[in-house]
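Sharing a structure below in structure tokens format, with a few things to ask.
The chains carry the letters A, B, C and D, assigned in the order they are written, with residues numbered from 1 in each.
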Amino acid sequence: MFSSGTICIGGLPGVGSVGKIAADYLSTALECITFKPFYSKGFPAQVMVSDGLTELFRAELKVPKDRSNMYVLCGDAQPLEIEEMYSLAEDILEAVKSQNVTDFITLAAYVGDSKEKVVGAASEPDLVAELEKNGIPKLRNAAIGGINGLLAGLSPLYGIRGYCLLGITSGEALIDLKAAKNLLEAATQLLDLDIAIDGLDFEDSKEVSCYQETDMNYR
Amino acid sequence: MFSSGTICIGGLPGVGSVGKIAADYLSTALECITFKPFYSKGFPAQVMVSDGLTELFRAELKVPKDRSNMYVLCGDAQPLEIEEMYSLAEDILEAVKSQNVTDFITLAAYVGDSKEKVVGAASEPDLVAELEKNGIPKLRNAAIGGINGLLAGLSPLYGIRGYCLLGITSGEALIDLKAAKNLLEAATQLLDLDIAIDGLDFEDSKEVSCYQETDMNYR
Amino acid sequence: MFSSGTICIGGLPGVGSVGKIAADYLSTALECITFKPFYSKGFPAQVMVSDGLTELFRAELKVPKDRSNMYVLCGDAQPLEIEEMYSLAEDILEAVKSQNVTDFITLAAYVGDSKEKVVGAASEPDLVAELEKNGIPKLRNAAIGGINGLLAGLSPLYGIRGYCLLGITSGEALIDLKAAKNLLEAATQLLDLDIAIDGLDFEDSKEVSCYQETDMNYR
Amino acid sequence: MFSSGTICIGGLPGVGSVGKIAADYLSTALECITFKPFYSKGFPAQVMVSDGLTELFRAELKVPKDRSNMYVLCGDAQPLEIEEMYSLAEDILEAVKSQNVTDFITLAAYVGDSKEKVVGAASEPDLVAELEKNGIPKLRNAAIGGINGLLAGLSPLYGIRGYCLLGITSGEALIDLKAAKNLLEAATQLLDLDIAIDGLDFEDSKEVSCYQETDMNYR
């Protein structure tokens, strides 16, 4: 389905960190390096500190070590204000447009009971049909919130085909590794990526750090 | 009253979706096509999905198939922030100004008991008197909230006459089709439009979908 | 104290409408006409309707009929957002600067018990002393909130001397005509204005309309 | 550690006013004069009045009387909105960049129990190690909130090394002079400044005025 053209795939953190974990996994597995960082005045007004080292919130457009027709989008947080969500989405789309990206696939989560593991949406009816042919049932009537939804929805304004793949989660876990794994399996199959998903131990969620868990008693 | 000049009529969703239903009905009945879409960073930060297809929130300036002196304004939502309401109203007014629109009529709702079915307001005393001559009693002391009020109020700054027609509603129904029908009857009579309002079954409200009813469990 | 130079005096609505009533009275008594209107995206997102006529919220810089060295600032509302308060204050100060205004006097309210009727503040120690010589005791340690405080505080950045006169009010009345009268007396004496303050019946507050009292059931 | 290059040190008010007191003390002890004031539309919408004199909220970049390779940052408040925090931080960093500042050290507070008196963070691992060598233990996993964190985090985007020194406080006192003194001792030792910290009576906190304590009953 994506054999020609240039793909950008990824997402910023949402429910259960499903999309973020999948994007970060892709970034690691494909040995990506940062192509362009994005900052936003909508990110939390703080600097993260890890072992004494300060790090600003950022989104990052990355390139795999051995592929020229693919970008991976990762990030630490979504902007807190709607206006900044739109602005950051536009900044990212302008950047990928200038790199001739033709298809933008965001990775997100769907909260609810469903017999499916992953569902999808796209910006054109033909693309929805293609997803279905590739084993990704369509999301019916819903709203995809946050910047992952906006990126898929705004893509056509930049001449880019937009998609959203959603891993189904109960929404109860702060971090849903199972949903992330399902999402990764669907994405790698769709993109025909040769990645071993079992390479990471998805049973052990203790090592995954998360923004909400940090100590906020500093100022 | 509007035999000369170029009219823009319509509105974005408000109480009971009264103005939106009326505007959408006009758009369908006059077989309008989209002339210019408007996006706003004040719209909800999400993409709507319908049968797998992603669609951004937007407002749309439309033109009837067989009329050159008329525009219809429709839209999915109002911006959530005041500043963005003003900005979107200005964007719309600049667009219609460049198309030589002379009169801008917004369609909205009035919540309250009243013996009237529809009331009106305008940006000049003469226009208020004209509305009354045409059977639209004037709204006395009140505030018309949201972008439909702003569009009418800002019109004079663009050299455009501004009007607001308000269908009276109890404000209790999520969707008040009766009020929308009253508003449509007043508008079509005022504009001398030959449209069959009974063409749609206003008794059956079940088919009218609404933003608030969508499943928000996606991200 | 203000015999030379060009004065701008007035204010936007605050506690008890004290400053607004005083500014509106000056505007009427001096037979002012509007010199420049100011709109703000921070004003409430609505249009006011009075007897069928739509009117946007605005601030207005006015000029007295028979004076060339004076401006009066009136207005319907303060912006709701801090950023817009600063922006509107800057717009107003730029406009008066271009008219060679040398002294900007805002009229506001002070909530609290005090043996004084009116207190004052200014942007230079000499001006504070001048106010005291003219019978206006200084405000000691306090914060003057809203755009009336900002206008006085920002004036020096435009090369303009800034003052704030505050009528003392209990803060309980929606409209404190007594405090407004005290403020007017102090202002007219300070500016040596020959205005009959008893010309309006300050005992009858029923005719004074107010933003908060309007019917908001329209949309 | 900072023998070469040009340093900017200071901070805007945060928890316990720890950083602000330290910055103000440095400013006084080094007989600083204001080099550049900064205003922000994110500061509270009010003007402070002290003994009749109006004063806008501001941040100030100051220069010591007898040093050419050092700046001190002081200020009255932090912007209330995230976006304005980022904007003010950028304004300050642009200003110090144009003065060839190489190292930006913010002074802030850490709320919590700790055997340390002061901890630190920096934008490069080498700098963290340098801090440790100089007796400042590193802050481990945490988030430094507000503009003091942003200034340290954004510095590298301007080619400036960023640091944050945090005085440990219980967070209970409105003003924690003890924590401020600890922070000052660490900072003066680190910068090899010859300043007598006992010159001010830190036992008497009554004379230290504070934004939260002012009378807000004015408008």
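Keep this in mind: a contact is a pair of C-beta atoms (placed from the backbone, for glycine too) under 8 Å apart; a residue touches a chain by one contact, two chains touch by 3 or more.
Being a predicted model, the structure only gives us computed values, none of them experimental.
When the CA atoms of chain B are superposed on chain C, the rotation angle comes to 90 degrees, reported as a multiple of 5.
The mean-CA centres of chain A and chain D are about 37 angstrom from one another, to the nearest whole unit.
Chain centres here are Cα averages; for chain A and chain C they lie 52 Å apart. In chain C, no residue touches at least two other chains.
You'll find the chains touch as A-B, A-D, B-C, C-D.
Considering their complex, residues 39, 41-56, 80-81, 84, 209, 214-219 of chain C touch chain B. On the side of chain A, the complex with chain B involves touching residues 14-15, 82-83, 85-87, 108-112, 120-125, 128, 131-132, 138-150, 152-154, 157, 162, 164, 166, 171.
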